[in-house]
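Report on the structure given below.
To keep things simple, chains are lettered A, B, C and D as they appear, and every chain counts its residues starting from 1.
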Amino acid sequence: MKRKLRSKLGRSTTDKIFVRGYDLTEDLLGKVSLGDVAFLELMGRLPSPPESIMFNALVVTLVEHGLTPSAIAARLTYFGAPESLQGAVAAGLLGMGDRFGGSIEQAAKLLQEVPAGEDVRVAAQRIVESHRAAKSVIPGLGHPIHKPADPRTVRLFALAAENGLSGRHVELMEAVGSEATAAYGRALPVNATGAIAAIASDMGIPWNVCRGLAVMARAIGLVAHVQEEMGEPTAAEIWLRVDTEAQEEQG
Amino acid sequence: MKRKLRSKLGRSTTDKIFVRGYDLTEDLLGKVSLGDVAFLELMGRLPSPPESIMFNALVVTLVEHGLTPSAIAARLTYFGAPESLQGAVAAGLLGMGDRFGGSIEQAAKLLQEVPAGEDVRVAAQRIVESHRAAKSVIPGLGHPIHKPADPRTVRLFALAAENGLSGRHVELMEAVGSEATAAYGRALPVNATGAIAAIASDMGIPWNVCRGLAVMARAIGLVAHVQEEMGEPTAAEIWLRVDTEAQEEQG
Amino acid sequence: MKRKLRSKLGRSTTDKIFVRGYDLTEDLLGKVSLGDVAFLELMGRLPSPPESIMFNALVVTLVEHGLTPSAIAARLTYFGAPESLQGAVAAGLLGMGDRFGGSIEQAAKLLQEVPAGEDVRVAAQRIVESHRAAKSVIPGLGHPIHKPADPRTVRLFALAAENGLSGRHVELMEAVGSEATAAYGRALPVNATGAIAAIASDMGIPWNVCRGLAVMARAIGLVAHVQEEMGEPTAAEIWLRVDTEAQEEQG
Amino acid sequence: MKRKLRSKLGRSTTDKIFVRGYDLTEDLLGKVSLGDVAFLELMGRLPSPPESIMFNALVVTLVEHGLTPSAIAARLTYFGAPESLQGAVAAGLLGMGDRFGGSIEQAAKLLQEVPAGEDVRVAAQRIVESHRAAKSVIPGLGHPIHKPADPRTVRLFALAAENGLSGRHVELMEAVGSEATAAYGRALPVNATGAIAAIASDMGIPWNVCRGLAVMARAIGLVAHVQEEMGEPTAAEIWLRVDTEAQEEQG
């Protein structure tokens, strides 16, 4: 027997529109912010005030990072296809994969897979050991630019504590950072990715949707990059620099 | 001489990150919501409290519309490429073009191109006449399901009035609706697309970025659709129904 | 009554697969090349030998253009999402819009809309005049690098003549080029885009699918760029150059 | 010291265009088919005549599979964004991931990672055992519709033998199929995916670009689906069926 098609996310009648069971015009418009509706969409309920502050802070962190590969790809795409703002944003989002948005997912998976009863210090040592043995990078640690500490981590962890949302996963992530720093003999503090993964985990957001936090936030930033590209184009200049250098190499 | 590459949107130093000139950790995290940062990215300044309510309402309207073509495309794409949440969201966003997100852009363009000095009634008549003569659809009017009035329009226009953000463009859009209703002899009320276009225009959002409001909002909804698809898959069922019917046709 | 879902393109039974009515394993595999199947998919029949030579030449022209914006976007996307080769290719293809692939479409539309009975010279003059009056660029003419003539145009027009596929649309395109050169007082020869548009039109390919010739051909080139990026990465270097220059600007 | 930017794929001068070192107009146009240029782009040299037959057969197999999830996603996307054929094709390609195009990659990886000196039968048993132990699916085997044998496999393996391109990887793939059939006690013949992976491996195509064969081939098929959608639309009907069923479920 075939399964039924359905979605709990949205439905409409002639005079009503529902989002996750809430009446859009009665319950949401004018009352609830975009970030809170994002929380509602993912979690099936509206956030409490502390959850709202924290969730908005997590996604706000991910909106804008300047001329990153994603932003450059979006701008180059807009240059070739100015009829399609959505295509430029989509091209930029396609780079939010394993290396970028994916690292939040990987860190959250690591934290959420620690058994409930395991001692935090023991778990942290085990995680660091297994990554060292496999010579693989521990997600959520270190940063090429922000040293000694990632300013976002400091602020996000403080907000989590203030709002009563700092729990076992934040504790674990910090323990992984200090164990790794000891084991590798160099500073490996928790970066913004690790902080977001840990707090999201403490808020009950499943690891397999954590990459989605980066995707939804960056969509906003990429719309702004396309808007800026309309007025102050960079794509032709980027192409020129790349092409000039590459042609010289081949000459 | 070549142009310089630069972006006003974001930059970072070893211990600071700036978004549109604001210090991310000092000024934004924990203080400003996602929707307000979207406003900041597009407009270059934070919204006033009434602007915040209104802007959030505009984009919240666009987050979730159920199993639309965009959502179905995202779910089918996730089925084929479960490694890439970002690819599924991108596929869904690619359908936010001329027919969907584009209609906000077209309505806003229509309104923003009315000369400042022109009488609202005269402009509305001129717009209706020129579309009738060209047998083209007037963007922002009518709805196949929501009759007689789109409940979102009623609520959004009320919010605009309450917040002192209802101006000439809203007046114009309403005049276009009543002129069209008279000219075509059937109810052509302003739909959600037209309401968003008019209010965005009164808030100073340029028409050429209005499609981006739908893109950023729907990215959130599409992440939620992919999350739902992970737990309650629909893609294989949709494929089965389409394929079964198509194979019977060809039999 | 609802319309039926169906597609003439493909279907399968337990032991047969059909493409456009041809038995895939009996009629196509080992007998027909990729380019010929592309012709079959678009035109509903296999090409004659001259059509095969010509169609393959048109699409081969469009496969590889070096480090273009599309190729750079694909490489930057692969850098962020190495799990998704398809995402990197998709990001690159999204730039094949109005400015690139779209120019073939625009030129073909221009040519195919000339009434059958109109004198070629008269039509060419009319086209040049109307574009001059509207101060719009005539698609298919001129090239920033390849001067005085685009080497691809010379070769493609020669191939069309040799294969008996040079007709009224090629004649028209050449007439538009010489009229424009006369009217603007500077060399505006037919470029590769114009040559492809004209020959495709003489082969009966509808203008609204001409952009698709660029899309299908460039998908091949973009797979090759992603492959090269795997072994000889450029994305991090491109990012570094852009970011360094942009940060200096803001300092 | 920073690395140099360059690409071996393409470059141009004022009167010449080169693809992988070949003069486009002198060496390729009119002489070499699209499939052969795809081989050139990936392998850095033109194919021999048997390689040309075989490579074209591999990619021709992947062009068109009817109303698959990819094709449906492309058509739904075109419905929402008719201004962007490239966006619809990109949306469809985004579904060519781990489940579809990725299975060729996984099968090729499996085959190419078998040590050169290992006995084929021993390697096949080892592969089947390890997948059984991990309860994971062996890529390249079995098919829900095409039974007892996939007609494409039979034809592709025959073509490989005829053209002297059937080697150790084909032998391995067949051994994996017969070992799996014995171990699981049900028919698990090599499917088209496994056949393509094995032959591509014998032709020297690296496993990490094998997904690209599906991507480049399907781009052609998707352009054809968009063309068909222009004339015989299906998207609104698909949406209607999905939405009607989903709304009934929620009523």
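Assume contacts are C-beta pairs under 8 Å (C-beta built on N, C-alpha and C of every residue); 3 or more make two chains touch, one makes a residue touch a chain.
Fair warning: this is a prediction, and the values are worked out from it, not measured in the lab.
Of the two chain pairs considered here, A-C and B-C, the higher C-beta contact count falls to A-C. When each chain is reduced to the average of its Cα atoms, B sits farthest from chain D. Spacing of chain B relative to chain C, judged by their CA centroids, is 32 angstrom. Each chain gets one centre point, the mean of its Cα atoms, and the points for chain C and chain D are 23 Å apart. For this pair, chain A with chain C, the centres built from the Cα atoms lie 37 Å apart.
Residue positions 4-7, 11, 66-67, 81, 83-84, 86-87, 90-91, 94-97, 234, 238, 242, 246 of chain A are each in touch with at least two other chains. Contact topology of the protein chains: fully connected, every pair of chains touching. In the complex of the two chains, the chain A residues touching chain D come out as 4-7, 11, 81, 83-84, 86-87, 90, 94, 242, 245-247, 249-250.
Those residues of chain C lying in contact with chain A across their complex are 66-70, 72-73, 76-77, 79-84, 87-88, 90-91, 94-100, 102, 234-235, 238-239, 241-243, 246. Across the complex, chain C meets chain D through its residues 2-12, 14-17, 19-20, 24-25, 28-30, 32-38, 41-42, 52-53, 56-57, 59-61, 63-67, 71, 84-87, 89-91, 93-97, 101, 145-147, 151-152, 154-156, 159, 162, 206, 208-209, 211-212, 215-217, 219-221, 223-228, 230, 232, 234, 237-238, 240.
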